[in-house]
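Here's the structure we're looking at; comments come further down.
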């Protein structure tokens, strides 16, 4: 009953489009629009205040095409025929029979007929990280990461009629299950105890006897959504009459306050030691012989003093927390780990991605020579596609435009800029999503302004308000 | 004048022995005895309350043989002829002329005539880590590390008459300069500013013009002591009429409260995350776009909330500090990094080091077969030579008996014991320096008791009250 | 004049097709057909007997579309817009001005407008390994490697009108220059001396003054061919009126007899030592003190005996040469280093690459289930796409189907098969290009025959005579 | 019976000294003297022509002190008490019971009482590489390596009365068994077949049933020698009444003609490719499809031609063999791998090892300043302690003086000298064992001559005819 109010089955969704086409004036706004559509009719604010990291949400729509644009068996077949997918790297073949999970991956390339043959024999298929090959999955996830400020991943699961794909377990991520085709029965259970609320690591597999009654037990149909926070145990069975295809969108892995402290505190100790002699003083002469697990039961004055002193110094660290620097470290990781942005045709036509010089094979020469002018209006191409980091005396613009769609396949990408250019980049970041003219950049000469703009433009980091004038 | 009261020149030291011969009933007591002799007539308590990490101490004794047993030029000559010392690894040849420091190390073996030839030409000689080759230096330092609970190192400096050996600088260790032969003029200066009090890293070299007036300016003669805390700038010149030989005994490198927090806090965050869901909760959705060095000047409500929350969580860590476990980590490092103990003849004759089975070449057979009995009285051979560490389900006795005299040349040495044996080892540790009988060990059967004792005995970790009975 | 008879300008080529479309009944025959077309009107036999590794060949065709299907500026523009090319990895920007060569590569992605901008400013563009992105270059090179039994690589050079792209030099590969667009003046010079005939390493850059008269000095126009062996010095200038685009196809790098001996002789010594005690006997007691560069001028009896004995043993190795095993090692390298085969639509429709099980989204199920039958006619999909290697007791089929188009990006790909299956694989290799039925495979039971065929089919290594029957 | 004439039992050895004390005028002559004593009464020439690498030699002396100076149980006891020996690294504890070999090594330090306790319980003790700790073993082996031009190693075996120490097997080295104490029954068997004559690798253990009748079956008593070439199977049992102690001296591991070819031929191919175009020509176009293990049974014309050509090129290599360079490579390995020389007191007093500047603690200064003069007579300290190697434009003197007594523990030691000095070093090498004066060195100025001599002297590589004059 607790779960009841978390179940929506509104049959009158206004939103009718099946494929979400971003306009991308403001990437954070677009991300909100896309997410709004995913959790509709629940409002975004309501979602974050009531469900996010708190409890599951089930939305029954009775509208089977609702998430259709994300992915389909047909696209899956096409991908396997046109890309070199490999077992284990890209595709897992699994069965879950008599409470035992087994992998059946051969080695080498996953040719479509091989995969379908496994499927015919009752195996479930997991497609890992479909954004690598599916344009729409890439598009949607790269937009959502602008909302969450965190990596957004996904897996696709295809299960033959009448089988179960995996054992009951919980994960270490916030999970959005979008049912794409067919049906699947889902059962969700509360975390087993307090220590497994919002857990840091995924669970091992459970057997049925480990579990009590589910808080949700529902047949998910195409178009339906099921969200549950990390720590909620779940299991799913395909129904007898039809296969099931769903995508699980996941986020907020290792993105907790504790993870943040892990980056924050070494820097805090470093600063405290520089600025406060108390942290540089030597440990007491006798501490080794008084403290240690072997002495845990002893209560001596020396032990108490030692513990008290350590506690004071820990508390004292709050005067030395380099919070902004630690956030920048997280931001650098975000830039390194995320998918590269997906650009619309329109964006491409107003940026280096598809505007400017090109070969004209009729005239046998380069044409369309484009120039940035003082009155050219520009903005950053995405709110979160770049990060300005000042390290020692240099200024680095880290960006994710040249990231691979395979997680962390490439080294962090950056360009080094003059420290004089830093205020211009901050100005662009803070003006977003508004356009500014090159002339407005806070630098001294117009040559410098154009030079900074050109430099960012050449890396693909800027869009112009209008396509640049060409010769 | 500030320095005056830190200068002793008592001509009536009672203690007359020149070589300190430990009796070693209690290694911590012996260490205190040895240290008492070094800083006499200052009392140990007075030393630690008045000088240690606070200010320099100068003791003029007018007793040139006082530290003679530590080391001499004669021993140095002998060592070079009988060991394969190498330039750079074991010996540095340096000059300091016109405020410029130069190294003149050739490659390869430091044959005595080569080294003396450099010396004749006015070079200073630094012998690195003399404990590797000098019995007495090894003996003294290995005893002192029982007092300090920290590595104790040393270097020997030999400077020709009329030259300066090194540029003014400060070090990152507590320094005890023991003048062994000849004379040297020492000048000591206060730390340049507050941030260089008890510094974490050694300074670069200074020029004379960087410095103001010294707080100590003295001719150190054989038998004299000069102590100064890390951060005090010092320089030294040999006098014109005679060479100078001194040993610098050093300790407390990277042994500060800040170093301790560095080991303590990752464990604290780990525990906090396990036990308190606040540390597992996700970071706020918008934190990346509100915080960062580029936003340092902005004061928004979100920024304030973020900072406040981080501060609360840091403070909250004091409920989760694994202090004893962190001390054990430091203790393991101590065991790994320290010199092996030096054993007296008497200790050897009551332990595996020189008692028990031996070959009798007259009878062509093994003789002197020795057995541990229930009434054999035993104790640990040094207070700080072993450490009991429980990791997961196993119980490890880390010890330094097989360490090399070269810093960290060997992997940490340990033996794994049954968890049932842990109380017996704690019993031995806590009984120290008293002997106990094997029968007193807290185990069930006499066979088990003998087995534990035998195991420690065979590793050289026990001495018996009397030499074991032999056949 | 020497070069004259190596110049063809036949205006009546029969062959009129502009794009070569392989039928691929026999990959070695197809390779010959393609190569025949490249060097026409010279016959293949004539080419190999008269020019290959001997002297340059120039063919003037007056037919500018002849090589058009290989590559064009238009395709280049398209590739840059649709793939993540990077400077240095994929594209070099170079100038050669006043006998000085310079690279101008920025970091990061080579967006088309950036590259065209460099071109406009007079830089030459080198596209490295265009087979990675161009379908036709991949198709042609993967066919040619079947002919040469060796890696076939390529680079594309685009030079603005009126500039020179590179300094005079020679390469370490056999070079086929196919002029694709515009014109370029080429000058070719004889090797400077005997030691630079068929050299093992490329030369440094020469200046004009190092060179005497060229043996070829010609304006290469679109459709013309210039071949020259490794060691022939060459230089090229774009003409003033038009840009130049050519592709250089290269092969036979480190594929000499000497390279073969390097793999052959260690095995020969190994075998000789196993089988002949002369190779296991000890060296003479005194050889160290009699031989060595310091004794080169001495002629002693011992030296002569030592040299004679060494010579005899070297000669004796010819009884122990493991020639076939060394060829297999080269073949394994070939399989590892070559491009994956390019398959025609027809081939795909008769193999796992595009036949068999597929998802029918109307019926929501897998259809087109295909089975190999005893009378199915099969053959290897390429003569040189796989190699059977027996190592110890196992049997490995190395193949290049899953190779990346980037040189050696993937580990060697292989499948392990039962040793019983080896004769069937040899039978398929030797029957090529003829089809055989599954039933003809030399194994005992029909189940075994189908199993072997299925195993190779599932890896994409077989084509069937007709598409397999489907349900 | 075959073995009979290989057994000596001469009771009248002239040579009576028990410890061999080298005079060391000529290290090669000294080595011959020492070896002569080991194999007496067999003459050295007779040994090498009749037994070396050919068949076993047994010498029964009835003189139990003959090899006494090498090693004893008493010295073994002393070593364990005064050095940190470790199980596995330095000492193995083994049993061989019921045809099964077992190791019983604990971890950590091998305290004497632990080792003797194992011995008492019937275990055999193997002391690995005793030269590390025993002065005499080091002295003898370092001398012998001057004779063999190859590493000389050793192991000591101590076996309790009435036990067998190891299983029947053969080794990959020439073995000299010197019985030191007690008795042991040895049985030696012929190699099992032709391929195991002078084998490259040691055998696994055999069981008694693998073996036929021994060719030697003898009780070896203290003072006796048993030599057998690699490949001869052997086993040994201690007798019931007394323990056995022997040392096995071994040499000529991987020092065969085949090993030499392995270093020689890569260089030969390299030179052939530089000088002869035949080696640079490409392999035939079709070789990959005609050759390979799968085609072994085919005899085609192409295959025959390919094989013939390969054979010719292999034969042709004898014109390009860099024999002296390959010997230098072996010599460099010899210098790297051998024991450092053992110097006599007399040698030390005429070299930097114990002559020249020293500290006089009565006068508190350096005395005994020594100078090399033009008429100083000098020679290399050992024939084989250094090797002159010219690499590119530099000249390196590799030497073994600073080697560790642990095999290859240190990097190769060398000094770089001016190429002008090379003839002087060759002059010294070729003059050995005669002294020359510094003035005789083939350099232009007397300053240069003294400089070269000083440089070698300072590295310990020279002895002077008389101790240098001192102030």
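In this document, chain identifiers A, B, C and D correspond to the written order of the chains, with residue numbering beginning at 1 in each.
Here is the rule we use: a contact is a pair of C-beta atoms (placed from the backbone, for glycine too) under 8 Å apart; a residue touches a chain by one contact, two chains touch by 3 or more.
If you're wondering where the values come from, they're calculated on a predicted model, not measured in any experiment.
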item: Most remote chain, CA-based centroid, reference being chain A; value: D
item: Where chain A and chain C are represented by their mean Cα positions, the distance between them in whole Å; value: 42
item: Inter-centroid spacing, chain D versus chain C (mean Cα positions, whole Å); value: 49
item: Whole-Å gap between the CA centroids of chain B and chain C; value: 64
item: Chain A: positions in contact with at least two other chains; value: none
item: Touch-based graph of the chains, sorted into line, ring, star, complete or other; value: ring
item: For the chain A and chain C complex, residues of the former touching the latter; value: 72-74, 76-77, 81, 84, 86, 106-109, 111-114, 116-117, 119-120, 181-182, 242-243, 352-359, 361, 364-366, 369-370, 401-402, 413, 415, 458-460
item: Residues on chain D engaged by chain C in the complex (per definition of touch); value: 28, 48, 53, 147-149, 174, 194-195, 197-200, 252, 255-258, 260-262, 264-266, 268-269, 272-275, 277-283, 285-289, 291-296, 306-307, 309-311, 313-315, 317-318, 321, 323-325, 327-328, 330-331, 334, 383-384, 387-390, 426, 429
